[in-house]
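Given below, in the form of structure tokens, are the structures.
In what follows, chain A forms one complex with chain B and a second complex with chain C.
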Partner chain A sequence: MYPALLKELLRNRSALTGLILLALVMCAATLGHVWFPGDPWDMVGTPMLWPGEDPANPLGTDIMGRDMATGLVSGAKVSLLIGLVSTLISAVVGITFGALGGFYRGWIDAFLMRVTELFQTVPQFVLAVVLVAIFKPSVATATFAIGIVSWPPTARLVRSEFLLLREREFIQAARTLGMGDGRLILTQILPNALPPVIVIAALNIATAIQTEAALSFLGLGDPNVMSWGTIIGNGREQVVDAWYICGLPGIAIVIIVLAFSLLGEGLNDTLNPHLKER
Partner chain B sequence: MADLLAIQGLRTWFHTRAGVARAVNDVSFAIQPGETLALVGESGSGKSVTAYSILRLINEPGRIEAGKILFNGTDLLKLDDKGIRSIRGDRVAMIFQEPLSAFNPVQTVGAQIVEAIRLHRRIGRRAAYHRAMELLEQVGIPSPAKRVHEFPHRLSGGMRQRAMIALALACEPDLLIADEPTTALDVTTQAQILKLLKSLQAENGMGLLLITHDLGVVAETADRAAVMYAGRVVEEGLVATLFTRPFHPYTAGLLASVSIDDLPPGARLPEIPGTVPSLLVMPRGCAFAERCPYAAGTDGCLDHAPAFLPVADDHRVACFRTPPTPRPPLHAEATGEAAGALLPLDAAARVVA
Partner chain C sequence: MAGFGPATAQTVGDTPVRGGILNANIQTEPVGLNSAINPTMFIGEVASKIMEGLVAFDADLKPVPALATRWDVSPDGLTVSFDLRKGVKWHDGKDFTAADVEFTLKEVWQKLHPFGRSAFGNVTEVETPNPHRIVLRLSAPAPYLLSYINAYGAQLLPKHLYEGTDIVNNPYNLKPVGTGPFVFKEWVKGSHIRVERNPDYWQKGQPYLDGIVFRFIPDAAARVVALQSGEVDVSVGSALPATSLGQFGDASKYAFNLIEGNYLATIAFAQFNVRNAPLSDKRVRQALAHLIDKDALLKVVYLGYGKVATGPVPSSIANYYTSDTRRYPPDPERAAQLLDEAGYKADANGRRFKLRIITAAGNTQNARTAEFIKQALGKVGVDVEIQVPDFATFLRRVFTEQDYDLMVSSMHRMPDPTLGVQRIFWTQNIRKGVPWTNGSGYSNPRLDAIMEQAAREADETKRKAQIREWQQIVQEDVPLLELVEPQWYTVSTVRFRKLALQGDGLFSNWADAWLEPKK
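Entry: the complex of A and B
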């Protein structure tokens, strides 16, 4: 099943484009420091060198003379890390809430869904800002905050899937085999509910990366870590004189968000049986 | 012989907004080890609810209100959750009408059998896979080593039902409940599956509760039959007796409606007049009284429900007319002839044969 799925995914144009872009960013994040070693915070050259002006700093330097390329490579790592881990957090919380609510229904469902609605009524970004501000800004708190604000849509989706799937005959059949609730949820219902969750998770990563950049732009990022948002935030006063300082990390964000959005769309086409015929 | 399963006074009621639906109302019957009991009746007569009650798989708003379900002497209704789970799939297994929807679509057939085995037995994954292949071979699936890794939708309908039976037999249950196992299959496959069930039963001596509305299947497969009507068992006995000498007018009507071989071409098919009463508003008396050709002259039928009493050895009937004439003249008014015009003793006997 899985090799077949991968094949179908690679035939899908948007998924393939997304995967290629994602592979590029991943290469930059993992192998980038081979070409651009050193601390992104070190002042290594003349400030505000334009890209291409000095071969030692191929993408130029910022107002403090820090190498842009080193900063972008470091930002790629941070973006991917925060995007993936915070989405993992939101998926775990969302699946837990949705699964328990959809499976047990009744007062458990009512309680869990009221909590979900509570999170949905507060604007996501404001809540993330408040959470990061309360704790000390760091990669860990940013990841945690982004994860905590983004789980409600996953919870609602998983709940609706569970409500449908729990009535299917194979669930009753699994009960006749003597399965308990935990096993029913984990081995019978969840695998069947997963495809749309995977799609929403891919799109979630894109949103999480944007949120992280926004937090860093506002100065709520980890002060010891150079992320794309930080570079844009630092470069915003020179945006007229040296647009590349904001522009290059901006393009990087566009690429990675596009990568995950395309991948999510492609996954949706492949995993959603209703769209198969298109 | 001690009963394998004895159901006594079972009541499963559904508390709906429109009222209480008495889906199963005072049902009693027993199955011996190695015996096949057919539970016969039309849709909504309570056959399936009875079966699900045995495994306590009744969902809200349904509730088992009263009764005992003695399985090898233990009352299944008194077990705690863990206790009943250890019975399900291990001692009592079930197969379903539509095998495709009864399998998990994202797991291979083998993985599901392995999981069923490992739920109840402490055995390694590799050994369980080996056992799964044996089971698939036992139910007559060719090249089981390959099929074990197949997803359910890749198998044909008959193959799927065989795989379903293999899944149910995973822990060698004492009782197999088959809920309309052949209804979704074509006639040739149907015969194969029934033959398979019989031979498996002969091999490991399990009891079989066969739920069906198909009297042909009953005649072919079952030792005894219990006829259900509107939540009650109205007649129970050996299939041979039941088919040749039905006591209850409903049983007689059912048999008449399938023995149509002797009818002249173009003749109106025999039917039982009227419809089943709503489970929400059950009549005070016998549920069949309104459709029964004998009830008109008997006051008792409309006022009291008849008790379920023996009329002969291993033959019980819930009817005031017991012991009635062996061949009750149903549909006499339809043909304008006298008693016995349509009910074909010989035709019924042929079905048995």
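Entry: the complex of A and C
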């Protein structure tokens, strides 16, 4: 099934574009330090060098003379890490809530959905800001906070899938065969409910990366880690004199968010049988 | 700094023009307008136009008459007397008299003002022989007293509106009644404060302006645009980010005033928590001092707007400043050697120990200073973790829990070291839970004795010698790394002029300010 899926994905234009962009960013994150070694915080050049002005700093330097290219490479790693891990957290929480609620219905469902609504009524970003501010700002707390605020849509989606699937004949059959709840959920229903979850997860990663950048921009990022948001936050005062300090990481964020959005759209096209003919 | 010199002169003129509303901008909206109980500078920057003090300070920080016309200190330093200006009225029409001064001193400055408690601490008796004379009797000489009686250090309040009330919550703290050149008109929270010309001001012919509107613009970039677009005529007290000053280089359009903050005498510093190893070891602190290249810091973080600090007393306090202190030129080898001597040798990976630097969120320059220090210490194997909590947590961590290794901040040292500087080093000022006291935990009995002597020394020459020695001891022990004396700057359009510059100009009353006609 998977090679076939991959083949179909590669035939899908938006998925292919997304994958290529993603591969580029991954490349920068994993191999970038080969071209731009060193500590991104090191003040290596004259402050506010424009890109191209000095070959030693091809993408210029920021207000404190730190190399932009090294910073961008470091930021790629941080952004990907935070995007993936926080999405994993939100997927695990969301799937658990949705699966239990959809499968058992009744008061369990009612309780879990009230909790979900509680999280949905608080504006996501505000909650993330509060969480990070309460704990001290670090990569771990930012990842945790972003994961914690972004699971409700997943939970609702999984719940609706479970509500549909649990009445299907193959589930009734498995139940008649004496299969326990745990096995039913994990081996029968969940695999069939996953495709839309994968789509929403891809989009979630994009949102998570944006949220992290926004947190860092507000000064709530990890002060010891150079992320794209940190660079933008540091550069906003000089946006008139040196727009590239905000501009370059901004472009990087656009690329990675675009990559995950296109990939999500492609996955949706491939995984959703109703859209097959589109 | 290049364009600064000639531009300064333009803020002064000699042919005042009458009329017009001045639009001014300060960094942050104040919480109230009573400087007599709260020394936050944003309060003083607005309140000083409405309320006055006994004196003001000229460009050399010498007192010039305001509500006091003459003052005398007896040779033994135990009696200080003031002759008060006659014919001065509060904005509500009541006469200003010695009773107002006595009331504010006894009930407000001595009891409620954070510096006032020490500045007027020696005052035991107050006599008012007639409505225009006040005599203070002191238990010991207080040579610093005359440095704190301007509109910022000792604002005068009307007795008839404050006597018998809860002063801290008095409604007039938000709609002040003063004697100053401008009368309070309205305060729209989040937007502006408007004041109007006082037609009965004691200085005949002044003020020249019809009124002032203080606009509050929270975003730094928007403040820049406001001055550029002419929406604001003057931006007071470094309200514009240093990174944008390049946009105001055209001397035919904009003027810089660089001496208005001299009175505050601010120094940005990194403070060690000397209670715990390894920072309890003087050699470690000296080693770290040898790692910070202050010239580079000034250039990179402050973009050159300031001066490298050489000790706890800033160079602008020319009376007491000495450059004859121990210096720590950047020297990583010497630093490594000192650390080795102290027993903190590098391990197999070249690492020695780990420190936490704490600074409050929201101040770009302090955050960048922390980043700068982190890079510098890393070079000899000292790992640094930067922590940037919110302001309240920051104060608690440093002054209550004492849970930090290095703290980056800045403090106003004020014109007299006894009040502004002693508090940072004095053993008796290690006060758990009280912000801006001796937070490093540094204690040196010899220094304590010298500081206490200087506080009651009436002989100016002896006092200078004591304060010189004090600076030398502190620089030898380095409980604080004194980093940079930041340059306070006020940027205005060239239309904004004043008759004279003041060393405490951030708190000048602007009676002598005017707007040149539009060309």
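FYI, the second predicted complex is superposed on the first by the 278 of 278 C-alpha atoms of A that agree within 3 Å, B and C clash if a C-alpha of one lies under 4 Å from a C-alpha of the other, contacts with A are read in each partner's own complex, and residues count from 1 in each chain.
Note that in this section a contact is a pair of C-beta atoms (placed from the backbone, for glycine too) under 8 Å apart; a residue touches a chain by one contact, two chains touch by 3 or more.
Just so it is clear, the model here is predicted, and its values are computed rather than measured.
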If chain A is used to align the two complexes, do chain B and chain C fit next to each other or clash? fit
According to the stated criteria, A:191 is in contact with first (chain B), second (chain C), both, or neither; which is it? first
Taking the superposition on A as described, I'd like to know which of chain B and chain C A:160 touches: first, second, both or neither. neither
Look at A:41 in the shared chain and tell me whether it touches chain B only, chain C only, both, or neither; answer first, second, both or neither. second
Thinking of the overlay built on chain A, is A:133 touched by chain B (first), by chain C (second), by both, or by neither? second
Taking the superposed arrangement, what is the smallest distance in Å from a C-alpha atom of chain B to one of chain C? 49
Contacts from chain A onto chain C in the complex sit at residues 39, 41-43, 47, 63-65, 133, 136-137, 219-220, 223-224, 234, 236-241
Once bound in the complex, which stretches of chain A touch chain B? 1, 168-170, 172-180, 183, 187-188, 191-192
What residues on chain C touch chain A, complex-wise? 220-221, 224, 241, 243-244, 246-247, 296, 299-301, 361-362, 364, 367-368, 370-372, 374-375, 378, 385-390
Partner chain A, residues of chain B touching it in the complex: 55, 57, 81, 85-90, 93-94, 96, 98, 101-107, 115-116, 119-120, 151, 167, 170
